[in-house]
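Supplied in structure tokens, the structure appears directly below.
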Amino acid sequence: MTTDYKKQPHHEFLSASQEALGKASLQIALSRLTDTLAAGNRSAFSALPDSDLLREKARSIKDHTLASLDTYLEQLSDSVISKGGQVHWAEDAQDVRNIILDIAQKKQVQRIVKSKSMTTEEIHLNDALEHAKLEVIETDFGEYILQLAKERPSHLVAPAVHKTREEIADLLESELQIPVTPEPEAMAKLARAQLRQQFQKADMGITGVNFAVAETGTIVLVSNEGNARLTATIPRIHVAVMGIEKVIPALKDLPVFIKLLARAATGQKISVYTSLVTGPRRTEEHVGPQEFHLVIMDNGRTDILGSPMRESLFCIRCGACLNACPIYRNVGGHAYGGTYSGPIGAVLTPLYDNLEDHHHLPHASSLCGSCQAACPVKIAIPELLVRLRASLNRQKLTPFVERLIYQTWAHTMVRPGLYRLASSFAGWLMRLGASGNWLTKMPGPIKGWTQTRDFRTPPKQSFRNWWKKQKNIPF
Amino acid sequence: MITCLADVLRPNVGKATVALLEHFGATVHFPEQQTCCGQPFFNSGVEKQTQQLAKHTIEVFADGRPVVTPSGSCAAMIRAEYPHVFSSSSPWHTRATELAGRTFELAEFLVHQLGVTTVDAQYDGTITYHPACHLRALQADNAVEQLLDQIKGTHCIPLRKSDQCCGFGGSFSVRYPEISGAMVNDKVSCIEETQADTVISTDTGCLMNIEGCLHRNNSKTQTMHFAELLATGLNLI
Amino acid sequence: MDSFTHDSSDTKNAFLHRVRQATVKGRSFRVTTPDSFPDQLAYVGASPSPLHCIKRELELVGAQVYCLSGKTEVQDCMNQVLEKRAPQSVLSWTHPVLEKYEIRSLLHEQHVTLCSPDDQNTDRRFNAEMGISSVDWAIAETGSLIVCSKPEQPTDVSLLPPVHLALVEETQILPDIFDLFTLLESQELPSNLGFITGPSKTGDIELKLTTGVHGPKELLVFLIESSPSSP
């Protein structure tokens, strides 16, 4: 089985989003998902005492950790080793792939099971493993479906939201050659049976990491299905891959995040399974992995850490900003063209990948702020997007005409006389082109505006002219 | 501060604002050199021009009086963003922070600064209220509701998905008209569900966007700025 | 140590050096947060009582709860469960609570094959029809069962079988997640500590809640009230 997770070299947010807007089944699925999850987020936070201050606390823990990140990573590494685990340091995606391939080769691994991990998605791990003739199975139900369909996840916590039950049933039938009715129950039962065989055969389990506790060398895995727990328990080798930003200092910090994560993501008080994994199985134990490997990955994060975009490293990947975002709600995850979608994806994809190829993303926001309001660690996403927009201008990645327009506009605006002249001229021009008081078509770059809207022409007398008349100030 | 959009597109909002402020005992000054706070430039990441306009605005409002504006987004621009526009070592940073500390959105100024808790206003009609997104940034979102509740004769119907953006977002609506269009269509269908005569908001940008879509859909629902509603209710305009 | 750790100290040092430089640079971009936080921040606790609260929360997350008191009630209920479900084989812990209610002999009487913690036959473990365990703690606030891996408490008991039955005594219940972490401060962590809150769930197909795609499809909990007479 090959998985085509290759990213498009230049993803056209514009055309992809238009396509998404035209797909009725996707529109229904998106509004159902985001309405449910966003409402869950709001009610869960309002029901939790001091939730706002708890979010501030989570934020302060993240900020504090990043201010001594090197120390905490070293401590984490020491703790993991003292518990019998092994630690690997990966500067980039290639390093992670090599490290895992190396372990697989040395330990005669043939079959690998994975539980949903955005980090491994980010580094296109499956491609590399399959290329090395290893069998890799995604075990999260949604991810399993997507692996069969050779598609990418479109939501952080509901990766297959873009597919209908009929599409999934057809897919399972044709890929597995087993008939199944398009009922979620029946399909889940089929998947359970299939994946159980995979778990029993697997030599290695690969997971991501939700949190890593420096003090104790514990990695924390959160899931609702239990596949992360299986992946970290059944195969003889467990490899966990984490970005450097996943570390938290101490065990006492963990309940702060546990209380926030599920509430933010789905509105649950806690996800069904939260596992604290501290090293491999102990010598007297018969169940659990015999080896535990932790891969600590940079992949561009240190560049972000030392920049004004640092706050983006607070993200705990809950997906709350996606559900809250009116743009995501309309276009879905695939339009963003990266591993991460929604508002945080519009920040992370240009940072992790590059700004030039993703120049559409920082502007794919009305800056309404609902992402920040829903975020369990209150990341100032609108502010970060504006910073990226500024980088686009500084690197001259915005069209020349656009920059010229802004220059001329500002030139006018700092000259009140010129501003008055220009605004009355514009008003006159608009009244000239209008039918009645309304413009139904506008030219040039603002043409799109009038596809759905009319524009009311300005009245003849502006406020400032009225004011002057009122106060008898001569013109 | 009238804001450039209201100055040109909805001068009535300015008139209503002046009338309200005077009615509640304030003396209104209108520095005529004012133009734009620089928000469109800031939002587009045009740093140099943002600074130019911020400096211009800081100079225009240098006299130390409270600055009141009938727009949550312009107030948020000055209050939340101005201090970040200049590096903390720049003298402009100090001046920006000073201005930020005395800039208010109209409803918030009436309630929290002038202490207006009761208004004897009457407006017969059914309305629905779209809270502009920037009130989130100001954390002042209940001042408007507090005053709306006081207007006699007004039946306010709750708006579904009220806190969802109307899709304007300044340059966003020009860059991504399809997505912005889908958002405003969604907003307008929620407004039409309420069957209200009038939709109220606090930002000229949102109102311009929403009224444009309502008009395109031949809707009977009118748009009104919060200031216009309150001033009408008090028989001030 | 394995051979692939060669050069690892160089790699590690170079890595941490880069992180250190970025960390220092990043300190100019720290965010403002409150200086201190109240001690009991976001402590939910259990009201009206831990037992009431955990029952409510367990039922909310889809567990089947049996409130019991005394050995006879526990054994009767266990017999009913076994009769109704007629499992051929059961995975189980070895645990004082299970011993106290003589679960092992009860299973024996019902002719159920017991797969003990040290049985290493994976087929038997994978094919067991029920897992029976106690808990290390339970959390009233969220209805979570806390299970620590130990030789006599294998993780897979609460993971592989389609039905998981847990015996929880009132004294094992903590009010809030924070209480658990206070206790853990002074303990050595096991290789695996699991929070289990309800049966395995997914909403991956059209958001339709479906149970048992990976973990147990059913979670049964015996909540055993402490009576003044029992020790």
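Going by the order they are written in, the chains are A, B and C; count residues from 1 in each one.
The rule is simple: a residue touches a chain if its C-beta (ideal position, glycine included) is under 8 Å from a C-beta of that chain, and two chains touch if they have at least 3 such contacts.
Since the structure is predicted, the reported quantities are computational estimates derived from the model, not experimental observations.
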| item | value |
| --- | --- |
| Longest centre-to-centre distance from chain C, chain (CA-based) | B |
| Most extensive contact between chains (C-beta pair count) | A-C |
| Distance between the centres, which are taken as Cα means, of chain B and chain A, whole angstrom | 31 |
| Centre-of-Cα separation between chain C and chain A, whole angstrom | 29 |
| Centre-to-centre distance between chain C and chain B (centres being mean Cα positions), rounded to whole Å | 52 |
| Chain B, residues touching no fewer than two other chains | none |
| Interface residues, chain B side, partner chain A - complex | 2, 4, 6-9, 11, 13-15, 18, 30, 32-36, 38, 40-49, 52-53, 56, 84, 133-134, 136-137, 163-165, 167-186, 208-209, 211-213, 215-216 |
| Chain C-facing residues of chain A, complex | 29, 32-33, 36, 48-51, 53-54, 56-57, 59-60, 63, 66-70, 73-74, 77, 83, 86-89, 91, 99, 102-103, 106, 139-142, 145, 158-161, 163-165, 168, 184-185, 187-189, 191-192, 195-196, 200, 216, 218, 224-227, 229-230, 232-234, 244, 251-252, 254-256, 258-259, 268-282, 284-288, 296, 298, 302-303, 305-308, 310-311, 380 |
| Complex contacts: residues of chain C adjacent to chain A | 2-5, 8, 11-12, 14-16, 18-27, 29-31, 33-34, 37-38, 41-44, 57, 61, 117-118, 120, 122, 125-126, 141-142, 144, 149-151, 154-156, 159, 177-178, 180-182, 184-185, 189-208, 210, 212-216 |
| Complex contact set, residues of chain A against chain B | 14, 17-18, 21, 326-327, 330-331, 362-370, 372-373, 383, 386-394, 403, 406-407, 409-410, 413-414, 416, 419, 423, 426-427, 438, 440, 445-456, 458-459, 461-464, 466-468, 473 |
